[in-house]
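The two complexes that follow have chain A in common; it is paired with chain B in the first and with chain C in the second.
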Partner chain A sequence: MDLKLLRDRAENAFRENGFPTSRDELWRFTDVSPVAAAAFDGAWKPADIPFVPLGSVVAVFENGKLSLEKSNLDGLPAGLHVGSIMDQADERLGSLADAQSAFVSANTAYFSDGLHIQADDGVQVDEPIHLVFLADADGMAFHVRNLISCGAGSKLTVVEEYIGGADDSAYWTNAVTEVFVGDEGTVDHYKVQRESGGAFHFQTIEASVGANAVFSNHAITIGSRLGRNDIRGKLTGEGGEAVCNGLYLLKDRQLFDTHMFMDHAVPQCNSHELYKGILDEKARAVFCGRILVQQDAQQTDAVQSNKNLLLSRGAKVNTLPQLEIYADDVKCTHGATVGELDEQALYYLQTRGIDPAAGHAMLTFAFANEVLDEVKCRPAKAHIEKLVHEWLDQVSA
Partner chain B sequence: MALLEIKDLHASVADKPILKGINLTINPGEVHAIMGPNGSGKSTLSNVLAGNEAYEKTAGQVLFDGLDLDELAAHERACAGMFLAFQYPVEIPGISNMYFLKAAVNAVRKYRGQEQLDAMDFLDLVEDKKKVVKIRDDLLERAVNSGFSGGEKKRNEIFQMAMLEPKLGILDETDSGLDIDALRIVSDGVNALRGPDRGFLVITHYQRLLDYIVPDFVHVLVKGQIVKSGGKELALELENEGYASWVGEEGV
Partner chain C sequence: MKIENEKSFDEIAEKEYKYGFVTDIESDSLPPGLNEEIVREISRRKNEPEWLTEWRVKAFHHWTTLEQPQWAKVEFPPIDYQAVSYYSAPKRKIDAPKSLDEVDPELLETYEKLGIPLREQEVLAGVVAVDAVFDSVSVATTFKGKLEEMGIIFCSFSEAVKDHPELVKKYLGSVVPYKDNYFATLNSAVFSDGSFCYVPPGVRCPMELSTYFRINAANTGQFERTLLIADEGAYVSYLEGCTAPQRDENQLHAAVVELIAHKDAKIKYSTVQNWYPGDKDGKGGIYNFVTKRGHCRGDNSKISWTQVETGSAITWKYPSCILKGDNSVGEFYSVAVTNNMQQADTGTKMIHIGKNTKSTIVSKGISAGRAQNSYRGLVRVQETAENARNFSQCDSMLIGDQCGAHTFPYIDINNPTAQVEHEATTTKIGEDQIFYCNQRGLDTEEAVNMIVNGFCKEVFRELPMEFAVEAQKLLGISLEGSVG
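Entry: the complex of A and B
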């Protein structure tokens, strides 16, 4: 569809329908009225936030705008194209994420920057492409639109990292990332969200996974006052695989919602989802994971699990794993737990000389670290482990 | 001085009395076996000794290397040189065996006033102990006991024991769930760790394990009390006659 038409339509949808309310089934645990009520009339300024690049290819966005000065997009391997989405016409934009929610509509209507990444067929890039979104402009809304296109037999590793200022500035990140994984292709995708304590953060990630292709996503959430990830995968070719793992570490009065949707449209695909959360103080988490196995999707292997660790009586989790199966020859399991640390494991550590406080810290880290077991990108893993340790140190302090 | 001195030990689980006056002394270098039918209190004894808070000591005294166990929390008992090999070792996803072992070794060394091992020294120690207890490298890299077979878990327990160099090793039904090959490997590890300064308390239901780990003394535990003690031949006697003469025909 013509981009202008798409955007006009999305704007009309957003104006007509507005933000969802708690009467909307998909939003009943997450009240977004603070976002709806805010004005977002803040002025742009350069962002003054430190970050550590995870590789040599880095795209830095300062309060929503790609900064070529802070980025390094030179010397790319042949067949890899990276640039602002505003400069690259791609007719696939909007074909996965159009108007699933008010947030996607608003993004489609108003996006003003984002990254376009394309690996041509057979181009394998091992080094991570690091997208850094720095935000500290109070009162601004950032509608960020990314598109990742991995050609047949290609390989890409992409890390999206959202970093807020230390000043608790109140802004709204509203991101959409569309991911196209061609046949036999591999996209290893990471999202690290550490927005400011005053921020709203919403992102929809939509992936379409071709035959014998692999899409893997790890979503790590530490920041924002109120936020949500919608992570949606569609397995469109036989032999495809999707791994969607996540970890949310929440404290204070943070509320973070994860909605996962995995659509098995064809036979012989696997999807695995492991989501874990650690909640302290009065934090709240929502997890809704839905696996749809369509009638044709025989020999589907789908596993979904959501486990939560509550460090305080005031913390709360709403978890809703859902299976919707229309095929008869499938292997699907799901489960959810909410609890405290395993007393027997603490005792086991003690009998090995590890004191209760150290054992507590070790088991809490172990609980979180299980999510990282499948992380293949070493720089991303080291970075995330460090963030997890920092968070745990803050909580135990 | 005795390594372990248990005097009139009484203990309860969830307010139900299980141990009803145990007396037992283990000297350095000795291997004692405790045999008994299901429900006789074998696991309660090992848990009370190791300091499991779910088990309550209600009377009596236990001295370990001259220290009153009442004064020591579970981790302090481990640091002081007590090691419990679990009947059901706990799986800990998210922590590699190596990371866990290094934390344990350094916790124990800290308590004993020894220097902390750095990564290189620790690897040297691991290589050294692998000569005593054979363990595959991939088991050391994997998360603690996660997805290990029954035999691998028990071997991991014995490897941990080798690493922590305890004064007293308590083996809680280490033979349960092991086939003959695994039993032999685990027993070889324990036998290699026997020495004049180290004692063992081997808790088992079956005589079979004692073919491999030959004890100096055998005690029969029935209904929370030691009803008979003797040499290693007592185990054979039990194998032939069972526990029926103590527990009655109705069993326990």
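Entry: the complex of A and C
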């Protein structure tokens, strides 16, 4: 669709419907009125925030704008195209994420930058493409739009990392990423969110997965005061596979919401979701995972699990693992648990001479590590492990 | 593997509803429609005290401000609440019958067709007391005398209002307030009759109390109200079962059940629901919108719900437990079977408030034909509920590729000492299982029956003896016509 038309339509939808309220079933536990009430009239400035590149291809966005100076998009392998979405007309833009929510509508209507990544058919890139979104401009809204396109038989690894300044600046990141995985293609996608403590962070990731293709997403959440991930996958070709894992580490008065939706539209697809959360102080987590198995999607294998560890009084969890199944020859399971650390395990460690504090840290890391185990991209894994350790040290201190 | 005797299944599927017949008794009904005058008239006909009339009127006025809830995963045409008649009583011979001899013989015949040997039961001495409900007014109550000796009050709701107004006034609406939800509010305004039971402190009710509900009189909604109180240290097991005659018009049913368990008291509430589900194209059938809730008010109390839901075109029902007392226990065991065009959205709510409270949820959903079967449940652990424990298991079975099975659990945890686990699986009957059974000389339908009964075993073993046998048979009947 014509971009202008798309934007107009989205803007109308956004103006008409406004932000969701807690009367909306999908937003029952997440009150976004602070976002709706904020003015977002801040001025742009360069963001001077340190980061560690995870590979040689790095795209750095400074307060919402692609900075060619800080980025390295040269020397790309043949068949791999990376550039600003503003320079790259792609008619598929908006075909997956259009106006599902007020946030997607606002993004479609107002996005001003983002990254376009395309791997032509048969192009396999092992090195991760690192997208770094630096933000510290108080009172600004960043509508970031990314499009990842993986051709037939191609392979891509993409890491999106959102980093906020140390000053608790209050801004709003509103990102949308559309992912197209062609037949027999593989997209290994990571999202690391460590926004500032005053930030609002909302992102919708929409993926379409072709025949015998693999899409995997790992969402690691540490930052933001109020945020939400909408991660939605549609398995459109037989033999497709989707993995959506996540880890949220929350403290203070953070509220983070994850809505995961997996649509099995065709037969013989697999999907696996493992979401774990550790909550300290007065933090609150919302998890809603929905697996839809359509009538034709026979021989579906879907597993979903959400596990939460509560470290303190005042921490809260709302979890809603849902199955909606219209085909009979399927294997679907889901599970959810909430609790604190196993006292017997702690005691066992003590009998081995490990003091309670160390035992506590060990078991807490082990809890989180189940998600990290699934991370295939080595530089990303090392980076995430380090972040998890830092967070755990802060919590125990 | 293709099922070879598919033809015979179709024949069975087209079988008429086994319990489909209409008893020809003149009903003393109010004209269809709902307004304050109707509400007052119902109350007047039942000679109710003023406080109850006013309670009904308050509920009615609140109801007019509400909208019918839309969140359940069920679809049905809009209900015209003004086309329903809200009161129907079998015509009486001057006064209420004092013994079975005074009961309309045709009515007794109906019970016999339903397999409730009311006369026999007197002879059988104290196995089950039946407070049989025909449409909206209690006709006969047995074994009342025997229960009275122990101080147990078991009577129709209207009698309770007359004879024990202080108890009714104290407990009515204390678990399900009249403002609770659309259907409960409607029920509060127009409820016709139901059962009342009070078990005094320290008394263990010696028999299973039971009420057979039966919908009769065309175009009459049923609005039962059940109130069950187990005082300190008491125990009671209550059975509720029902069948309904076949008819084409949809019938509205909005019952309310309130259970109150005081300190150390235990209540076991078992239901077998087999109302007319509609024909294979979804024509007719009962709309069953029920609010059931138990309140574990005292420490160490326990409420256990067991339900086998095979009937109704639409089931909207969430028997719940509020676990207020410390160490109180809530249980929910459910089998919901939907076939043809039936829709069920059912589950439970477990609200943990007291310390060391425990709840168990075992739900088995079986969906066949073009039916939709959803589990919807809530487990909430409040800040105050130290060491709360919950285990939920929701299994679904799909028979055929046109049906749906869904699971919507809500888990809200506000206390870190809680241990909450939820598990759900979805399966179908394996072709290899059927093949194995065929090999052993069981035909496919018997095999399906056997496998499904095995799937539901965890729930059936919670049922009292009388019901367990009936439930297994019902399951077979409900699944007739579904292909394995």
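We take it that the second predicted complex is superposed on the first by the 396 of 397 C-alpha atoms of A that agree within 3 Å, B and C clash if a C-alpha of one lies under 4 Å from a C-alpha of the other, contacts with A are read in each partner's own complex, and residues count from 1 in each chain.
In the analysis below, contacts are C-beta pairs under 8 Å (C-beta built on N, C-alpha and C of every residue); 3 or more make two chains touch, one makes a residue touch a chain.
Just so we're clear, the structure is a prediction, and the values are computed from it rather than from any experiment.
Room for both chain B and chain C is found when the two structures are superposed via chain A, with no clash between them. In the superposition on chain A, contact of A:G335 is made with chain C only, not with chain B.
With both structures placed on the common chain, the touch criterion links A:N369 to chain B but leaves chain C unconnected. Once the two complexes are laid over each other on the shared chain, residue contacts for A:P356 go to chain B alone; chain C is not touched.
In the superposition on chain A, A:Q295 makes contact with chain C only, not with chain B. Set side by side, chain B and chain C differ in how many residues of chain A they touch, and the one touching more is C. Once the two complexes are overlaid on the shared chain, A:L310 sits against chain C while remaining clear of chain B.
Touch criterion met: A:A327 reaches chain C, while chain B stays clear of it. Judged by the touch definition given at the top, the superposed model places A:T319 against chain C, while chain B stays out of reach.
Taken over all C-alpha pairs, chain B and chain C come no nearer than 15 Å in the superposed arrangement. In the superposition on chain A, no residue of chain A contacts both chain B and chain C.
In the complex of the two chains, the chain A residues touching chain B come out as 342-345, 347-356, 358-359, 362-363, 365-370, 373.
By the touch rule above, chain C contacts chain A in their complex via residues 71, 381, 383, 396, 398-428.
Those residues of chain A that touch chain C in the shared complex are 25, 295, 298, 308, 310-313, 315-340. On the chain B side of its complex with chain A, the touching residues are 50-54, 73-75, 77-79, 83-84, 86, 89-90, 92-95, 100, 103-104, 107-108, 111, 143, 160, 164.
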